[in-house]
Every structure is written in C-alpha cells, then in structure tokens.
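Consider the two complexes below, in which chain A is the common component and chain B and chain C are the respective partners.
Let's look at the complex of A and B:
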C-alpha cells in the first residue's frame, strides 16, 4: 500500500501539507466562493451563502469595469513581457562578459528588485508627474495630460516601471542560464567567422531557451497579478480606470465592498486566462 | 496511495480550520450582562492616542476588576480592512474608537457588531447626547450598531497670503456662492496666488467623494444624504449643480487632475482645501489660513449651511464576551467630562448637542473652533444602507469619469450611477 520506500512519505509530506494548505485549499475555496453568494462572516454567525450558479461569472463578464481591467492587463503584458525578455537577455549577456565594474552593475540592476515598491513608486511619481524631471527634460514635447493622468499613457508607464523594477531578477535567471552555454559553441562560431551579433542570435538565444520559457512564464504570471503599481502610481487605477488591473478590482470588490464571491469569479477568470496564455507561450517557446 | 493521502490531508486541514474558527461558547445573552477585562482599539494619531491613554488610565483606576487593555488599530491599508479581517478571524476587540460609519453596514452583515439597543437605556443615551443627528446612524433594522462619537465638520480653508497676492480680500473672500467660488478660483490662479485654486485628491478611492462632491451636495440640498428611503438623491438639480461647478474647475485647470505627492495646501500648491477642524492644529502657523463654509448656489446663510460630518464612531464587536463592561466604558468615554477632554486634546467635535454651551471656557479660549461647533449641529452622514462602500465606489467612478476627467456628461453619468445605486441600496 505504501510502496517500496514508505519512509519517502515522511519526506514528502511536509511539502504536500504546504501545497494543500497554501495552494490547493485556497484555490478550491475560491472556486467554491465564485459559485456562491459568499461574504466573510464572524465565527459562529449563521449566515446564508446560497449557490448562485454562474451568476457571479455573468456579473463579472458583463461588467465594463472588469472588461476594461482585462484589456488593461493585456496592454500591460504586451509591453512588459517582450521588453523584459529582450532587456534582461541583452543585459545579462553584457554582464556575463568581462566588462569593467561588472559586480557594481550586477548589484545596481538587482537593487530595484529588492527595494520596496512603495519607496520606488515615490521616486517614479516625482519623475513622471506634471512638474517631474521627465517633463522638464522633454519641455514642449511633454505629453498633455501628463503621463500618469493620460488615459493612453498611464498603463504603458506602469508596464515600463514594472519592467525596470523586475529586471534584476530576470537578469539573474539569464546569467545562471548563460553559464550553461558551452564556450566551445562560441569558439566554433568565431572560427566560422560569425560576428558577435550573429553569435548572440545563433548561440546565446537558442542556448538559453529554457530560461526564456521560464522568464516569459514568470513575467506573465507576475504581470497578471499586478496590484501595487496601479494602486500607488496611478491613484487606484486611474485615470478613469485605464490602469485598473483585475487584481485591484478583486481587492475593491472582495475586501472593500464585501463581495468575495464576485472577486473570486474575477480571480478564476484571471487564472484561466493566465493558464491559457502561459500554455500558448510554452508551446511557442519550447517547440524545436 | 495518491487517492488515500490527498483526501486525508484535506480532511486534516479542514478540521484544523474549523477548530480554529470555533467561537468561545459564550452566548450573546450571557455576554450582555458579563463584566470583566476587555480590549479596545483606538486611532494612532498622536492627539487621539494621548486622549485614549488618559481615558483608559482613568477607567482602570476606578475599575480595578474590569481592566481595559488599549491598543492602536493594527496597521493595514485602511482601518476598515483591518477591522473587517479581525471580525472574520474572531479577533476583533470589544470596542473600536474609530469605526467609520460607511463600514458599519458591512460589519453588521458580517455579524461582527453588537446592537447597542440590547443594553438598558442605550437608545435614550445616544439620542439625548447626540440629538436629532443620531437618527442618521440608525441601521435599516432600526437598531444602533454604533455610538456617534465625534465629527470633523468639513469647511473650506483658504490661504490668506495667496488670496492677497491675487488681489482678493483675505478677510472677506467672496466664496459664498458657486459663482463667487468659481470667480475667486479664477482670480487666485490668474493672479499667481497658487498653481491651483483647490486640489482635492482626484484618485478613484471610494471615500474621496467625501472631500469634494459630498460636502457641497449636503450644503446645496440643505442636509440631504446621498441615499434616502432607498433612493439615490445625487442625480437631481442640486447634485448636477455641484458636479458642474467641479467640472468647470477641472476643465479650466483651477483644480488638478493629478494627485499631489504631499500636502498641496501646506506646500502652497493649492490656495484652498476641504478640511475639518483637525486642520487648525496641523496648519497652525505654517499657513496663514482662513475658513469659510462650503458654498451653495444661492448664498445660504452660514447658520443654515450643512456639511459632511467626517465622523468616527464607537462600535461594539461581537467577539466581546464582557459586553456590560464594554457598554459602561462607551458611556464613560462619551461622558461630558471625557468629551471635553477629547475636544481640548484633539480639536475634534464630540457628537453632543449644544457644544458651545457645554464647553464655554474652551470655545472662549479657542475662538477658531466656534464655527466648527456651530456647524457640527448640521452635519450630514454617509447613508447607513446596504452595500454602502459599493455605492460610494459607483458614485466615485461616475464622478471621476465625467467631472474630473471630462470623458462623459456629468448629468448622464450621475443618472446612470443613480440607477445602479438604487439597485444596490435595495439589496440585502
């Protein structure tokens, strides 16, 4: 019944318990909540949480604010994910080479990732507000309305901010992957007369493909969970809801407005969307 | 094997969760007459903290067998979220001296609050202390789940230096009507008094309307709430006039569409601000300020102007097992003596009728607060209706879109929001 190595159960059980408590149980509860008129109640209070079928999903999909939030996150991902992959791979390659102050640069790119978002957002507010440094440098070319209150620019600014903030982590992933690309391949490419850019395209890029798959997946998942940046940088998803993310809406509906069932339905739609996008990404990136 | 282990672990997890969520076993009827130690939470601003600590010390000295442990409300994005989470976890204290009226319907729905009516004489106590205003705090089931505690009647503060620089009389600025307000706003910006005439937070949080639209709506309607008898009130002529005033301010750049990263009034970025009496100690000598009531379209006499209360109340939470002590402490903390100490220590207005007569010495020595005491009698509260927060978010979204960002017509946006609000207010 317990297999050939029963002691193995003891070794894996802490992780299984962890998975059940932290992942499986909350996910299952969220699915259950999304099909009920759920609300949080005090312990011991008898409350009615009737089954409502797909009502929460119908409400969510018919809500223009929710549809807008999903469009916003799509805009975010279209900017953030490719930018993250390209910049982190180029910078990792540069930092992998024998350049002066290499350690200093490696640390510099990693610092924003480690710094609390609240603190960094403050700096970006000073950079991108109407009287900020960016507009002062741009002078008459500064956009009107300014970046963070411009319906067309707010989400791209958030996407660029997140790209910059997370870059250090993804550079680290690529740096690790670059250690596994055999030096002989570069030597062979050089013997064949390949330029540095050709070697990058034909040796480095294919050599780090598994890392690229990971970077794309992680960037997609963390991007889809966007919350702090629109909450702080654009004053709660402004202007006029153009930087609201699905998770910010979940917070508003579930915690502020006491509709966890609706919030759970938004969450489930998001999970399905992220799974679908991740699956497509994986298929595209892992094919030979 | 897989089929055995997974359900077993799930069962253990669920059993542990259920056990952790069990109640203490004390019935509500028992708790209502029980006395003993209790825990309370209060706000973390220094003035209220000092008052709270002194109040608790006085109580503990007089009641050694019913000691009160007081803590600041644990940090969270908002106090309401922290309290809501504590209700769900069963860890809420007996009393919170910082309960937002807008959150009361939700806390009540969660089963987190105790109806104060279950204590003998509670209803009379509340209504005698607060007067007619107390009716605004009655829940739809005709019970009090909160004790009206203190208000911060909202007015317009203006920067006298900025007004003088723009050629506006700083002692008697024309700000009584919408037209005067607009004209003065134009002059102060054009005259270089400040970059913006006024800069309320243009962000989308549900509570921001309490500091731009709602005070002026309360004044314009002569004291009407956002929702009355289950129907939205803000889409009528009065609401439209207020929305149009703000739309003009935004369209002409007299109010800013971008959130200022600091205190715009203190920093001289804006010449006016929508504030309560707390602002007197905050701005003190930093800004040479003056205060006027919020404007109306038809020059309402100052003695008849209503405004938003910005009140915080005391509520008793259902996790409390020594509720008789908690109710006694509520009365003690809102006694004539403690209200006086709160007024003297914080400048906030206890929700007690006839404040100027109750504390003549204080108002004689603090004349700046007299106007607030008068205004405190005519404060308008957020409506105590189901889905209160969702209603405010609906209003804010419509206001943001149509008034702040000018993406739609305010009349249409208010009408659409009113339809949604009618539905939300009608739900249970």
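Let's look at the complex of A and C:
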C-alpha cells in the first residue's frame, strides 16, 4: 500500500510538508487572490473578500504602467538572452580546452554569479553614475543624460548588468554540456577540412543544443523575475518607469499600495507570458 | 576554408587553422586573449569595489583606479558600521543562512536519500514536484507567501519568517539524490543483509561516501540566503532584524538621492558582504566542479 519501503515516506515527509506549505498552497492562494478583492487584515480577523471575476486582470491589462513594465522586460530579454547564449558558449568552449591558469579563469568567471547583487550593484552605480569612471573614460562620448537616468539606456544597462552577473552560471551549464560532444565529430570535421570556426558552428553548436534550450529557458525565467536591479540600480524603475519590471510593480502595488489582488494578477500574467515565450523558444530551438 | 592537413603524426606547432582542435595544446593565443579579456571584465568591478572602499576622497578618474597611498583610508568601514551596524546585520545574515543550511542538510539529505534509494508510494510524483519547484521562480510566490507568513502567521521581523520559504533547498535535494543514486547497489544490499535499518545505512554508509556532494550543496545553499534580498527585505522593517544585504540595499536606496559622497561607505559595505562568499569559493573551488551541475543537466 505504501510501497516496498514505507520508511521512505517518513524520510520525505518534512520535505513534502515544506513543498505543500511554501509552494503548492501559496500557488493556489495566488490564483485565488487574483480573482478576489483581496486586502490585508489583522491576523485572525475574518473579513469578506468578494469574488470579482476578471476585474483585477482587466485593471492590470489596462494599466499603462503595467504595460510599460512588460514592454521593459521584453526589451530586457531581447538583449539579455541572445547575449547570454553567445557569450557563455564562447567562453565555455575556450575554458574547455587545455589552457594555462584554468583555475584562475574559472574562479573569475563565477565570482559575479556567486556574489550578492546588492553589493555588486553598488560598484556599478559607482562606475556608471554621471560622474563615474565609465563617463570619465568616454569623455565627450559619454551619453547625455547619463546611463542610469537615460530613458533609452536604463533598461539596456540593467540587461547588460544581469548578463554579466549570471554568465558564470551559464558557462558552467555549457561546460557540462561540452563534455558530451563526441571528440570523434571534431576529428571527422577536421578530416573533411573544416576550419576551427566551421567546426564550432557545425559540431559544437548543434552538439550543445539541449543545453541551449535550457540556458534560454533559465535566462528567460531569471529575466522575468527581475527585481533587485531596477530597484537599486535605477532607483526603483526610473527614469519615468522605463526600467520598471513586473515584479517591482508587484511589490509596489501589492505591498506598498495594499492591493495584493492586483499584484497576484500581475504575477499570473507574468507566469503565462513566461510560459508562452518558453514554448515559442522551444519550438524555435528544437526545430530542424 | 580548406586547409592542407599535416601528415599524420606530425606535431602541429602553430598554424593558421590547425585542423584538429587538440585538447592538449597549451593555449591558442586568440583563446587566451579572449579569456583574459573576459576575466578582466569579470574581476575589474570587484577590484574597483575594493579600491573605492579604501578611498578617502572618491576619485573616478582613470588614475583613481590605481591605489594611491595619499588617498587611502579605512574610515569608510567604520562609517558604514555606524550607519548599518555591521556586527548585528552580519549576525542576522548568519542566523538566516545557518537556519537554511540546517534545514537543507537535515531534511534535504533525508529526502534526497529516499528519492534515490527507497521505494515508496508517490516517489515519482514527488520527484516531478521537486523539478517543478526549480522552474517556478520564487518571486512569483512573493505576494501569497507574504500574505501567509506575515499576515496570517504573524512572522514579520522574525528569523523563522525569513528562513521558512528557503528552509529546504530543492536544488540541494536534487544534488543529494543524484549522488546517492550513483552509489553501488551492492553496498546497500550488503547492509540490508547485515540487518541495518535505513537510517543507519544513510548515516553510517551513504553519507560518508557522498561528502563531496554535501560540500557542493552546502556551498550552493549558502549563497542563496546570504545574498537574498527581496524576501528578507519584505518581511523585516525592524533594522535590528535585517540581514546585511537588506541593510546595505536600504542604505543604497536612501542615500542615492542625496549623493555627496556616499560611495566609500557603500563600497565598504559591499566588500564586507562579498568577502565571505569569495573566500569560501576560492577555498573550496576544486570541489565546485561542473559535473555537479552537469548531473542536473543530464537529469
């Protein structure tokens, strides 16, 4: 009835309780909240939270700030995802070969991924403020207004920051995938007279395609959950909301302004959007 | 594109496009250049963080990127300590991280072991669930979790409230499972014949054999809560309860508006937040190998 080794149930029970409490129940609650006029009340107080159908959703979809946030995240993904795939694959292939100082390179590529975004944002602020090193080096070429307060540049800077920050993790994924590309294929390509770049395109790239699907999926999910960077790097999604992300908006609407129903609806739209983008990506990547 | 192939057996020293990407060759110059440029781009901000944290007067000129003995000070560290109480916030970060590590090592190992080696009802379902958790991002759960933990359970400004959503790291459970799966079946059969119970087998036989996995999982789990910002930020309004990352972020967002010279102190705080992770990673980096993640990719 409980399987051959029912003691296993005892072993997993804390984890199951954890998943139900922290994952399944809140997920259900999010769906429920998005269809109700939910508001905060003191613990234990019974209040009426009427069912409002799709009201929260129509409010969310009709809100220009929300639409701007979704457009921002689209801009973010268009920059971040291709850049992540290309750079991490190139660096992983370079790292995969026998090279001197390998440990040094590995450590230096992973360090941004391992360290707190809050801390690293601090130094990016220092580098990219209007009076910072980047503008000093660029001199007259520095953008006006400066990077983080420029409506056209704020989101791209955030996207590049996140690409840089996460790259180590994706390099790790590609390094693992590269171990599975058969060496014979490179030898065969060489026998056929393929150049190094040709071998990269015809052997490496198709060889790591499953990893690419995974990288695109994970980069999309991470990107869709952008919060810390616009909150700190561009001072809460500025200028003029051109770097606001949906999660930042969820925080502002749900907790600062006390409208968790609306925030939950933004979350649901975001999940559906991410799923749709992922399905399209998968179709495109796994074609041919 | 065709290049003439060297005779078989001839050692290629250098050529425009060597036909076989020889794994043993000591570094193609172009590859080394690319890697070095990459490493510089990755490391420079950290170097600049350290330099900036030691500057008496912020110097953003290119020359300021080099240490200048006339402009060095440790005052920024005491300055940030005055503002966010480093000792207290590090303690909070430590308790938060320690709680998550404890939960993950105790309950995560139990779950990983059961998922790998025990046959019980619902195992497949639980495994699927565990994978699903890793794809559904935490931020989406933020609002309902906030309602649940802060409003319903009244756990705002408490360590328990901070720890709960991260108490068992699913990625670590997955790593544990993969490692327990790799152990030879005969080992367990022998232990069963000797009449050992499952808990004894886990503690006496399986666990000592997967010590490297334990270390990897502990390292991976450590950086989660230590670096986490959004969740503890949401539930701690009391400054005495805030982890270092949250206190530092509040400092950044509050002083960014009135910016006379907040950078020295800010970067000093950043260095304190980054240092433990970098030290741990450099010390244990040889354990932190791509195959661990690889086991995740291959399923």
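Everything that follows uses one rule, which is that the second predicted complex is superposed on the first by the 266 of 288 C-alpha atoms of A that agree within 3 Å, B and C clash if a C-alpha of one lies under 4 Å from a C-alpha of the other, contacts with A are read in each partner's own complex, and residues count from 1 in each chain.
The working rule: a contact is a pair of C-beta atoms (placed from the backbone, for glycine too) under 8 Å apart; a residue touches a chain by one contact, two chains touch by 3 or more.
Given the structure is predicted, the values throughout are model-derived calculations rather than measurements.
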Task: Fit or clash - chain C, chain B, common chain A - done: clash
- [ ] Mind working out whether A:65 is in touch with chain B, chain C, both or neither, as first, second, both or neither?
- [x] first
TODO: Based on the superposed arrangement, let me know which partner A:151 touches: chain B (first), chain C (second), both, or neither?
DONE: first
TODO: Go through the superposed model and pick first if A:126 touches only chain B, second if only chain C, both, or neither.
DONE: both
TODO: Would you check which partner chain A:40 touches, where first means chain B only, second means chain C only, and both and neither mean what they say?
DONE: both
Task: Greater residue coverage of chain A in the superposed arrangement, chain B or chain C - done: C
- [ ] For A:241, select first, second, both or neither according to whether it touches chain B, chain C, the two together, or no partner.
- [x] first
TODO: Tell me which partner A:103 touches in the superposition: chain B (first), chain C (second), both or neither.
DONE: second
Open item on the list: Taking the superposition on A as described, I'd like to know which of chain B and chain C A:256 touches: first, second, both or neither.
Closed with: first
TODO: Would you indicate which of the stretches 2-10, 74-82 or 362-370 belonging to chain B has clashing C-alpha atoms with chain C?
DONE: 74-82
Task: Footprint overlap on chain A, where chain B in one structure and chain C in the other make contact - done: 1-3, 9, 16, 21, 25, 40-41, 43, 122, 125-126, 129, 235-236, 255
Open item on the list: Can you tell me which positions in chain A touch chain B when the two form their complex?
Closed with: 1-3, 9, 16-17, 20-21, 24-25, 39-45, 47, 65, 122, 125-126, 129-130, 145-146, 148-149, 151, 235-241, 244, 252, 255-259
Task: Complex interface listing, chain A residues touching chain C - done: 1-9, 11-12, 14-16, 18-19, 21-23, 25-27, 29-30, 33, 38, 40-41, 43, 90-91, 94-95, 97-100, 103-112, 114-127, 129, 131-133, 136-137, 164, 167-168, 172-173, 175-177, 179-180, 183, 186-187, 190-191, 193-196, 198-199, 210-211, 214, 217, 221-222, 224-225, 227-228, 231-232, 235-236, 247, 250-251, 254-255, 260, 263-264, 267, 270-271
TODO: Spell out the part of chain B that touches chain A in their complex, as residue ranges.
DONE: 1, 4-6, 9-10, 13-14, 17, 21-23, 80-81, 84, 87-90, 92, 106, 109-112, 201-206, 256-259, 261, 318-319, 387, 389-390, 393, 397, 400-401, 404-405, 407
Task: chain C to chain A touching residues, read off their complex - done: 1-3, 5, 17-21, 23-28, 31-32, 34-35, 38-39, 41-43, 45-46, 48-49, 52, 58, 60-62, 64-65, 107-108, 110-111, 113-115, 118-123, 126, 129-130, 133, 135-148, 151-154, 164-165, 167-168, 173, 197-198, 223, 226-227, 229-230, 234, 245-246, 248-249, 252-253, 256-257, 259, 263, 266-267, 269-271, 273-274, 277-278, 281-282, 285-286, 288, 290-291, 293-294, 297-298
